[in-house]
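Please find one structure pasted underneath; my questions will follow.
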Amino acid sequence: MRDVLAVGAHPDDIELGCGATLLAHHAAGDRVTMLVLTGGENGPGDERGQVSRRRQEQQRAARTLGAELRWGGLRDCTVVPDSATIGIIEAALRATGADLVYVHAPDDSHQDHRAVSAATLSAARRLSRVMHYQSPSTLTFTPTVFVDVTAHLSGKLAALGAHASQVEMSAMVEPDAVVASARHWGAQARIGYAEAFAPTRMVLDLVPAPRPAGLAAVDADLVAAHRLSSLIAVPSAVPVAAG
Amino acid sequence: MRDVLAVGAHPDDIELGCGATLLAHHAAGDRVTMLVLTGGENGPGDERGQVSRRRQEQQRAARTLGAELRWGGLRDCTVVPDSATIGIIEAALRATGADLVYVHAPDDSHQDHRAVSAATLSAARRLSRVMHYQSPSTLTFTPTVFVDVTAHLSGKLAALGAHASQVEMSAMVEPDAVVASARHWGAQARIGYAEAFAPTRMVLDLVPAPRPAGLAAVDADLVAAHRLSSLIAVPSAVPVAAG
Amino acid sequence: MRDVLAVGAHPDDIELGCGATLLAHHAAGDRVTMLVLTGGENGPGDERGQVSRRRQEQQRAARTLGAELRWGGLRDCTVVPDSATIGIIEAALRATGADLVYVHAPDDSHQDHRAVSAATLSAARRLSRVMHYQSPSTLTFTPTVFVDVTAHLSGKLAALGAHASQVEMSAMVEPDAVVASARHWGAQARIGYAEAFAPTRMVLDLVPAPRPAGLAAVDADLVAAHRLSSLIAVPSAVPVAAG
Amino acid sequence: MRDVLAVGAHPDDIELGCGATLLAHHAAGDRVTMLVLTGGENGPGDERGQVSRRRQEQQRAARTLGAELRWGGLRDCTVVPDSATIGIIEAALRATGADLVYVHAPDDSHQDHRAVSAATLSAARRLSRVMHYQSPSTLTFTPTVFVDVTAHLSGKLAALGAHASQVEMSAMVEPDAVVASARHWGAQARIGYAEAFAPTRMVLDLVPAPRPAGLAAVDADLVAAHRLSSLIAVPSAVPVAAG
Amino acid sequence: MRDVLAVGAHPDDIELGCGATLLAHHAAGDRVTMLVLTGGENGPGDERGQVSRRRQEQQRAARTLGAELRWGGLRDCTVVPDSATIGIIEAALRATGADLVYVHAPDDSHQDHRAVSAATLSAARRLSRVMHYQSPSTLTFTPTVFVDVTAHLSGKLAALGAHASQVEMSAMVEPDAVVASARHWGAQARIGYAEAFAPTRMVLDLVPAPRPAGLAAVDADLVAAHRLSSLIAVPSAVPVAAG
Amino acid sequence: MRDVLAVGAHPDDIELGCGATLLAHHAAGDRVTMLVLTGGENGPGDERGQVSRRRQEQQRAARTLGAELRWGGLRDCTVVPDSATIGIIEAALRATGADLVYVHAPDDSHQDHRAVSAATLSAARRLSRVMHYQSPSTLTFTPTVFVDVTAHLSGKLAALGAHASQVEMSAMVEPDAVVASARHWGAQARIGYAEAFAPTRMVLDLVPAPRPAGLAAVDADLVAAHRLSSLIAVPSAVPVAAG
């Protein structure tokens, strides 16, 4: 079982970027947490009543994905990658024990997306698995890692559907484009439908992560043995130059 | 269990590039095959007796890695990425049923390495997992995917040691540089020692591949279910423009 | 009026890569020529009768696109970017007087595609407009220039449909993926459906090329009609996973 | 007729980056607006009287280019890509109805240039045509789209000349380097003199935008005249080193 | 003799990135200045007493490298690339007359590193030699320029050792990884041990900078001594996995 | 004193790419060798008498640059990066003892340029200094290393002038574009005129290579003289469009 953290700037960002992959993690028995940094106060048609509506929608979408939801408490369109923002993400990493993080791609025309991507790279600086997803506002994006989401595409659309206020009003979230991109990346990956990722770094599990009790006790021992021996005998001799 | 094919131009190329990863696959219960395209006839100090010696060394190295060995039968320094070379690799893919391929990075100053990389990309055009490893002659290489080889670095050095005629004589294969690069990439990956890969495309298994009998029967069903449903309901409606 | 040359390695390559754009050129009054370098002898299920069948299909597809067809006379899977191949393309450039060339992207896992791209870059070395299109086997591709093909997508599919022997048999040519990629790139370009191009160099016409008399009014109507119809019939069926 | 918006951080940035292209737009009957975000308060030798002088210079330069001028009202060396800056550019887009935007390249050592590029990408997030120009402080820049400015280079130099206070005093604005870069990019584009652009996205008009009546014939003559004169007066003086 | 300025965000950043290269400059008779922008207040285990301890450590490290030390006076984790920060670096450039600058690579997950890199590129906008070094938190980094530090690696480790409070406590500064990276880049550069640099721009001196009288002969001996000792003491201990 | 080898596919390629830099090496007391791989048999207007004429021109150009000339004996437009071509370049490296190599950039639309670049990277696989120059047919090129050629630009033009048969007839070799590119790159490098290079790898000499006795004083004067003359005679004529 793996602990996964998905980070997004606004309600529905995570669903758009990697919603089906989170469903696949859930189906695989992984524990999934979503961290939404802003409440979406400045989304289209934003007025007082909208904020709590968008928060309820996000809560419903998280349930659809089988994910726990955390809020960052920041304000839409004002996110900067400073110590405070980094601290919020660090707290989520500590609380969840996540060792795999999904977040916006760094090159994005939305200032909040860029800031969340940068702050997450800071917060996750010691993690071995950081993967970037694409948003409609992402600029350059050359993914090399894919997840087969053929079985989870309808679930992704259901999660997006929970964001009724956003989907109805924003020209940037078009369900047919969501399906089309999944098929486009699927063809790139030589499968049916895919979500696409550009890793900052991704350590593969050739020995799979331990699964829920009883399934893989043997494996768990094997992994532990390998991990224990990892840093015992590092090279220590270094050349000493003359004087 | 996964079937893995590693492709290299010359004896010892595969060991240098991904030998420890192959050991990790072997430890995870995967079936590993090495395809060495040339017999290494033109290696350093090459004379008649050398060829059979190098072939024996390669055979010993493969055993060290727990891998099956196939020869491509081509001649050192003459490899071109034409239909014949592609056919040899296609035959190995068919024979092994591999769905994960490791091969040289495309940008390499050795003409055989470039040719083998290109020919493998052709032969594996329908595969979802093609990963490139680094050679001492590789030029640009910006890896994003890593395998923790802390537990397998000594095994990699042992496999390289089997190539005594090459290691003794070539300035390009320096064991201390092998260890240093593993530590360098390990630091990049936030682990101990790593082998580094640049994927052309890599579909992740969130639901791990089925393991040897008894371990993951439940998983196997789950995977099959997902795969079966994959291409049933594709979007078929396309817009029709006015006449 | 502009003279346009589209170059492809095999029958159906050009249609897949830029078929709808060629239709848009035709609609704009431009003269379009397709140069298919091989007869497609080694396509899937290839036997004697197939070659002439594929040539007839290509002829029919060209008519669908309103394009003139030229054959390069080379043999499938043997194209190299040498003087002879370059000469064939130079002859087509001279014969057509083309000042805008469409051709495969350089980084492609099919050796013929790479060779045709390289040879075309040589042949077109003095031209100011060389644009690369994507094939299913293209590897890295980061397009920045787009053509709105909302009005021409059905025509592209019709042209692809003319290649019945290829479409039926090859897993690489999937009509739903063609539509999905057009929608994916359309979203990137902030329009409906697009074909995507990576230019080697593209000199823009701010003062448009002179048009043949009488065409402009018709065009304006045509464009309006196309725009209106653009987003009416989007793909709506999405796969539903078991449970 | 097309509506074009050029955005720059300081007086003379737009002229340097795309002044001749704006002249070409003007000659093609397009409506051109320049948005200068700061008043240039902190330019070289800056004191109280300078600001109004620089604003007058910018006004004169805009007239030279046949462009309307808008000021952003920000302060030199303090621009950040926040909601306020984005709002200023959005207002200019709304006011002009522009569907083609020119702006600084994103990778630039001047903090204002980076900020203006990022803010413009945010403001123009729904536009299909965003092109980046080069400044003397631009870092990586790999243009693929070019405009033939052979006929407009003298006009560009005249517009730059209007910025007398800047050109006299700044080592970064050297007229001979302006001409040299235009010739350098022209050689890249296989024409005489060019301005070079890296598009974030650029949807081409294969069916040209409708022109205002009566202009076409004039334009054709103008183009012919420009083409004839293009390579007559190339720079011929080269420095001669001491023996 | 050349004047060199190395800029880093925190104590020990410069030593890690280019400490051995600074030693090589010192050995070559160049004048070396280090500008450390923050006092490292927020390093690991930071409390009141720590700041002055870290400042003393940095002073000792600078002496080890034969470099003069300047402080920027900024606060850890709050650096932004604004006019104030740029002004601090400009002042150091003026004071030292440096014409070669070393600084963090631009793409780094630490916000201070990014800010210092950007601010230095602004401050050094008229300099012909700006080289970027790698930090443990650097993301993409594709160096093409190298300095042979075989003779200075022990000195680099000594300088790092002066930062006892940091090295003991931070998982990011591991001496064995420092040596490994030097060997990794050395293999890339076809020498023993190297520090690696990605230049923004680097004008080479084919006619070497004038040297102070009397130094040349000494240097020649020094170089010879270093070269002889270069590959004697390579790391030989490699980790041995259980089983 | 350094031994330098410049490699080019055809007569005049080396002069265009790095002729002024070779003059700077010569002025610095370095020994310079040019290896021209083909005799230029297929240049423009090629007939029997042309070959010997072009060889004489190349000989004269080499003398102008103070360089020794070697011929590769290959035939124009047929170069491939195979063992034979690599062997020719290896022989030149052995014969000259060169430790710095200049050669075509890898991405070039001329097949011979690509082949020569690839073969040189193979032949120089153990060298620490390999730098790529730009040709008119070079495609992507992002130089980061520059040589100040202000003092040697007239010498470069003289060397190009020796290739009268080529310069008169080829549209690709335009002297004004040569000067313009040197100024363009000079502005990038913050100097007067520059040749630009993209290194595969470049180990810097911080301790300069030992010079032959008696040269240093002369050099210092020479440099001073060149610097003074650098910006006196910039190109001032710019094309003036009609009306």
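First chain written, first letter: the chains are A, B, C, D, E and F, and each begins at residue 1.
In this text, a contact is a pair of C-beta atoms (placed from the backbone, for glycine too) under 8 Å apart; a residue touches a chain by one contact, two chains touch by 3 or more.
Predicted model only: the values in this text are computed from it and were never measured.
Contact with both chain B and chain F is made by C, E. Using CA-based centroids throughout, the chain positioned farthest away from chain B is D.
The greatest centre-to-centre distance from chain A, using averaged C-alpha positions, is reached by F. As for how the two copies chain E and chain F face one another, over half of their interface residue numbers coincide.
Centre to centre, using the average C-alpha position, chain A and chain C are separated by 36 Å.
Chain A and chain D have Cα centroids separated by 39 Å. If each chain is reduced to the centroid of its CA atoms, chain A and chain B end up 29 Å from each other.
For chain C, residues touching at least two other chains, in rising order: 126, 176, 179-180, 200, 234-236, 238-242. Across the assembly, chains come into contact as A-B, A-C, A-D, A-E, B-C, B-E, B-F, C-D, C-F, D-E, D-F, E-F.
Residues 77-78, 109-111, 114, 137, 139, 171-172 of chain F are the ones that touch chain C when the two sit in their complex.
Note for the complex: chain E touches chain D at residues 81-83, 86, 118, 121-122, 125-126, 200. Taken in their complex, chain D has these residues touching chain C: 21, 24-25, 27-28, 30, 126-128, 144-148, 188-191, 194, 198-211, 216, 219-220, 222-223. Those residues of chain D whose C-beta lies close enough to touch chain F in the complex are 136, 140, 142, 150-155, 157, 174, 176-177, 179-184, 186-187, 192-193, 225-226, 229-242.
Listed in rising order, the residues of chain B touching chain C in the complex are 81-83, 86, 118-119, 121-122, 124-126, 200, 225-226, 229-242.
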